[in-house]
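You will see two complexes here that share chain A, one where it goes with chain B and one where it goes with chain C.
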Partner chain A sequence: MFELLGITPQALGAQLLIGLINGSFYALLSLGLAVIFGLLNVINFTHGAQYMLGAMFTWIGLTQLGYWLDIEDGLEVGYFVMLFVAPLLVGLLSIGMEKTMLKRLYHLDHLYGLLLTFGCALVIEGMFRHWYGVLGDSYPVPELLDGGLRVSGLYLPYYRLWVLAVALLMCFLTWYVIERTKLGSLLRAGTENPKLLQSFGVNVPLIVTLTYGAGCALAAFAGVLAAPIYQVTAIMGSNLIIVVFAVVVIGGMGSIAGSIITGLGLGVIEGLTKVFYPEASSVSIFVIMVLVLLLKPAGLFGKVR
Partner chain B sequence: MTTAVKVDRVALVVLALLALVPFQSLFYDLFLMKVFCFAIFAMSLNLLLGYAGLLSFGHAAFFGAAAYVTSHVIKEWQLSTEISILLGVAVATALGYIFGSLAIRRQGIYFAMITLALAQIIDFMANQLPFTNGEDGIQGVPRGMLFGLIDLSDSTPMYYFSLVVFALAFFFVKRVVYSPFGQVLKSIRENEPRAISLGYDVDRYKRLAFTLSAGLAGLAGALKCLVLQLASLTDVHWHTSGEVVLMTILGGIGTLWGPVAGAAIVVNLNNYLANFGGWSTIILGFIFVICVLAFRRGIVGEIAHRFNIKL
Partner chain C sequence: MRKTVLATVVGASLIAMSGSTYAQSITDNEVRIGVLTDLSAIYSDIEGPGAVTAAKMAVKDFGGKVLGKKITVLSADTQSKADLSGSKARELFEKDKADMLIGNVSTASALAAMEVADQKGKITIVTGAASLPITNEKCTATNIHYVYDTYALSRGTGKAVVDTGKKDWFFVTADYAFGHTLERDTSEVVVANGGKVVGGVKHPIKTQDFSSFMAQAQASGAQVIGLANAGGDTIGSVKQAAELGIMGSKQTVVPLLMFISDVQALGLKQTSGMSFTVGWYWDYNEANRKFAKRFMKEFKGKAPTSVQAGVYSATMQYLKAIEATKTDDAAAVMKHLRSVEIDDGLFKGKIRADGKFEHDMYLLQVKSPKESKNKNDVAKVVKVIAAKDATLPISESKCKLVQK
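Up next is the complex of A and B:
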């Protein structure tokens, strides 16, 4: 069958894996966006920049700290440490941004939040583009995860399997926290009726701030995962975020599980398109978005608000 | 005796001053022509955002599509200037109708994201279609002969042509805004459920506003490719979409002169910051943030508010 289609099972398998990896990034990022949008009603355009920050901090941790702090032998903060540190840093930075700027716009039209985060994204990307240029640097795969699995002619790098596993785990954890814990129920209540929740004595502004921080930390987490796979450049987030927006429109921001499934599914579809018609792979998601809009305007899992 | 036609004195003064530009050396006429193009572009977005209340984050699609079509048509088919521009505008308007029909199925933020994603399709096409030459773009676009008579390759005739196009676009927008159609648009922006309950076919109005806006953006793109004699991938990139939103907000949403002022400032800034490499994005982003936080009426908006005049 494969010979009829003109492709080898190896090529298909490889693209499927790449599609799943891309899909897990789409899922992680659209999850963050959906969580932030659900509670704050703000489209976080800075998401791409925060993803980039996660990757950048990881790279800086490995290569630049020794130079900055003037340490003789260089200071290397490894990958596994950065998996925790980078999201924490980015989370704190975004909480700062929320408290100083985003908070002031909640009483206005939601589009101002989009515009503010767009401006912030420009500033952050501009700064890193100015300091580090656009060409980007490579980040080595951590030694523990180097090498790969050989299965019937396919080479599956351990790192990619690790990324897939961790991303799915993170998605599942986020879904579990939101859908099955008390904190998650407070969050969902805040999405539906923040004033009522506040009248019950719950500190809604605090929840909002922390949610924003958590969503951005999720983006940075995706960035750390991405560092060894993709080139770490200042603009790695900006083109990705547009695709994630389309993913979010397709999925409809109604459910957490919906965002995850849509992200993964679209990643796989994009990967498969690459096998048959490589140039169209990036636009395939937008074409699907048009189709979904024609057939189901609220998105695949969306609820009409 | 009172006349039925109200004379827009501000516009006349501004246009008269602009007509004198080729006779002095302080303002460079090519620079002002570029400002006209982006002013028309910003005016088109303002029509949608300021008066209909719809944020389109993908207007670069119409701008760039018209630029490419006009460049190709005037360079390869050697049509005269006005036909080329009309073709570019026609393509942009058709795209606007299609994209608008798709986008208005959702509201608010979803609308913005859909326009962005649809513009990415155009971005992809601009990269892939052979006639656009991908990274190189269409270079050396001839300005052609206006009506087959006036040679526009010289700076001065081209300047007056751009000025006339700008004036026409400005008065067109003014006419649309102060018409019954424009009033209904404003009511849709203020309170859409009320407009629906009054019996207006809201979707039809939004679609028409979007189409007009797209056509106007196409006019800006067509003019720009003739002024700068280049159509490139930057014209369809979403950064351009973001930049025109900045121009509109900086100048003042919902005012007539706001987009013009905003375009003038941003084009000036870009020119000045071009030598500083990465700084232009940072400063542009910074201005965006300040505008959204503290300066929502924009420059012209603030002036109009302080002096209680309509601009």
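Up next is the complex of A and C:
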């Protein structure tokens, strides 16, 4: 059978694994979007830019800090430190944006939030494009994770396996916090009926702000993971954000588990398309989105609002 | 009768006068150069804002005026999209009254702009785009292809690699006109020199993740993985080839089109030893270095790519042609440009009837990190490919302008 398909079982396995890893990126990013939309009703178009900021800060930490602070021997902030620092920085920056700008639009239609976040994304990307150009820079794979597994003629880089593991872990943690802890239940209550929750003495605006920060931090976290694999460029976010939105739409806006499963599934489908009909690989996800919207407009796992 | 004679004489002299003023005229009393390029997307570091800087430098060096009329440099962003290029070309010609378009990186964008210009009888100078059809099947009477093309790349890089004994090729191709042409031209060279094309895969332009395609290339076991793509796509391919352990294995990755901007983005560690072909290199001779130093002052300390140097040179030649023919009429300027020997210190050669600027090409090799003295010092010239070897012989051309 495999001869008919024109590909060996090992090669197919490798492609599926690559698809799964890309899927885990989609899952991580769509998770942040789903959290923000599901709990805040904000369509966060800045997500791609925040992903890019995570990668950029990681690169800057390694290569530019010594130069900026004028330190003789240079100052290198490593990858593993940036895994925590970059999301924190981006989270704080996005909280700043939320407090000054986004907050004022909650009572209005979704579209205003979309326009504002889209505008912010353009500004952030424009700034970085001006400073660093479009081709960007290379970020090396951290030494600890370098190398790979050679399995019957195939090469599985350790770093990609690490990304898969960490992304799945993060997705699981996020889902667990939201669906199974007290904090998560407060968040979910806050979405359904903020006034009632506030009358119980819960500081709802604070929760909303922190949730937004956390969602953006997730995007930055994905950015740190992406830095050694993809070139760190100013436009890396805009390349990815459209696909991620398609993933969220297919999974159903607001469903946490849905976006994780859909992200992984679509990554695999895209991976298979790259093998059997590569020319269509950038289109495959959108074709599925169109089909899903026609058949089940709320998305595969979504709830009709 | 007398009135008729008077009318005829007056009419004839008016016609005579208008004839001579037309021959001395600059349309709208201003020469407007439209830099139509990718200012923000995948190919913007190859041409982009640097090309606008280069054109402005040329205008300044020329004196800012030609035949007593002001010269203006306009620019528009195509984002390397053909539909956007066509509409921006139209806008530049109709709304902004541009006299010529220069730049046009990305073959699909170039062809779109050339078609608009051909309809309007205006000049296009293609510096950034690569495909042979620009002066071959799709040639136009008002087009010049200045810096390089896929034929030159295949005869440069392609031949150099095959000559080292690496004969089995797998192509990773950008799925549009440029990628297809580059793959086709290089395959010709491979097969003509006793090699074999064992397979290939086509990917959409602006792909983010090449791991799947490079894994397929790896699985094929071919000695050479030829990258028939450019800019951000080439960088992604090389990066993910490195990640999959292809670099330093028995397989060699050969980017068939690369610029110093790509090498700088990837870093010397990942690219050292790679060969690539260009139409001009900044560190080749004293004249090039002098120009590069001036460019670096205007453009963030970055050395000009071959394409950006081409924009400078072509803009100068265009202005000189207007001065010589005393008009900015497209046909007259084209006729002049095709007749002169160009030798401005940067480029030396002649523009043919099909619009192709025939000049030497240079085979570069990326330096190792130890050899490189600064961030612009990325390569050395290892071979000069003579103009006639790097250009499709005019007897084989499919251009309708030179068909017998």
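To be clear about the criterion, the second predicted complex is superposed on the first by the 303 of 305 C-alpha atoms of A that agree within 3 Å, B and C clash if a C-alpha of one lies under 4 Å from a C-alpha of the other, contacts with A are read in each partner's own complex, and residues count from 1 in each chain.
Here is the rule we go by: contacts are C-beta pairs under 8 Å (C-beta built on N, C-alpha and C of every residue); 3 or more make two chains touch, one makes a residue touch a chain.
Everything quoted here is computed from the prediction, not taken from an experiment.
After superposition onto chain A, partners chain B and chain C are found to clash with each other. In the superposition on chain A, contact is made by A:Met101 with chain B only, not with chain C. Touch criterion met: A:Gln15 reaches chain C, while chain B stays clear of it.
In the superposition on chain A, A:Val202 makes contact with neither chain B nor chain C. Once chain A of one complex is fitted onto chain A of the other, the partner contacts of A:Ser281 are limited to chain C, with no touch recorded for chain B.
By the touch criterion defined above, A:Ile242 lies against chain B but remains apart from chain C after alignment on the C-alpha atoms of chain A. In the superposed model, A:Val123 lies in contact with chain B only, and not with chain C.
In the overlay built on the shared chain, the residue A:Asp137 is in contact with chain C alone; chain B does not reach it. In summary, superposing the two complexes on chain A brings one listed stretch of chain C into steric overlap with chain B, and the stretch in question is 114-122; the others among 6-14, 24-32, 114-122 or 222-230 show no clashing C-alpha atoms.
Contacts of chain A with chain B, set against its contacts with chain C after fitting on chain A, overlap at residues 129, 279, 282-283. Considering their complex, residues 55, 102, 105-106, 108-110, 112-114, 116-118, 120-121, 124, 128, 238, 242, 245, 249, 277-289, 291-293, 296 of chain B touch chain A. Only residues 40-42, 44-45, 48, 175, 201-204, 206-209, 211-213, 215-216, 218-219, 231-232, 235-236, 239-240, 243-245, 261-262, 264-267, 270 of chain C touch chain A when the two sit together in their complex.
In the complex of the two chains, the chain A residues touching chain C come out as 8, 11, 14-15, 18-19, 21-22, 129, 133-138, 141, 147-148, 153-155, 157, 159-160, 228-231, 233, 235-236, 239-240, 271, 274-275, 278-279, 281-283.
The touching residues of chain A, when paired with chain B in their complex, are 37, 43, 101, 104-105, 108, 110-112, 114-116, 118-127, 129-131, 242, 245-246, 248-249, 279-280, 282-283, 286-287, 289-290, 293-294, 297.
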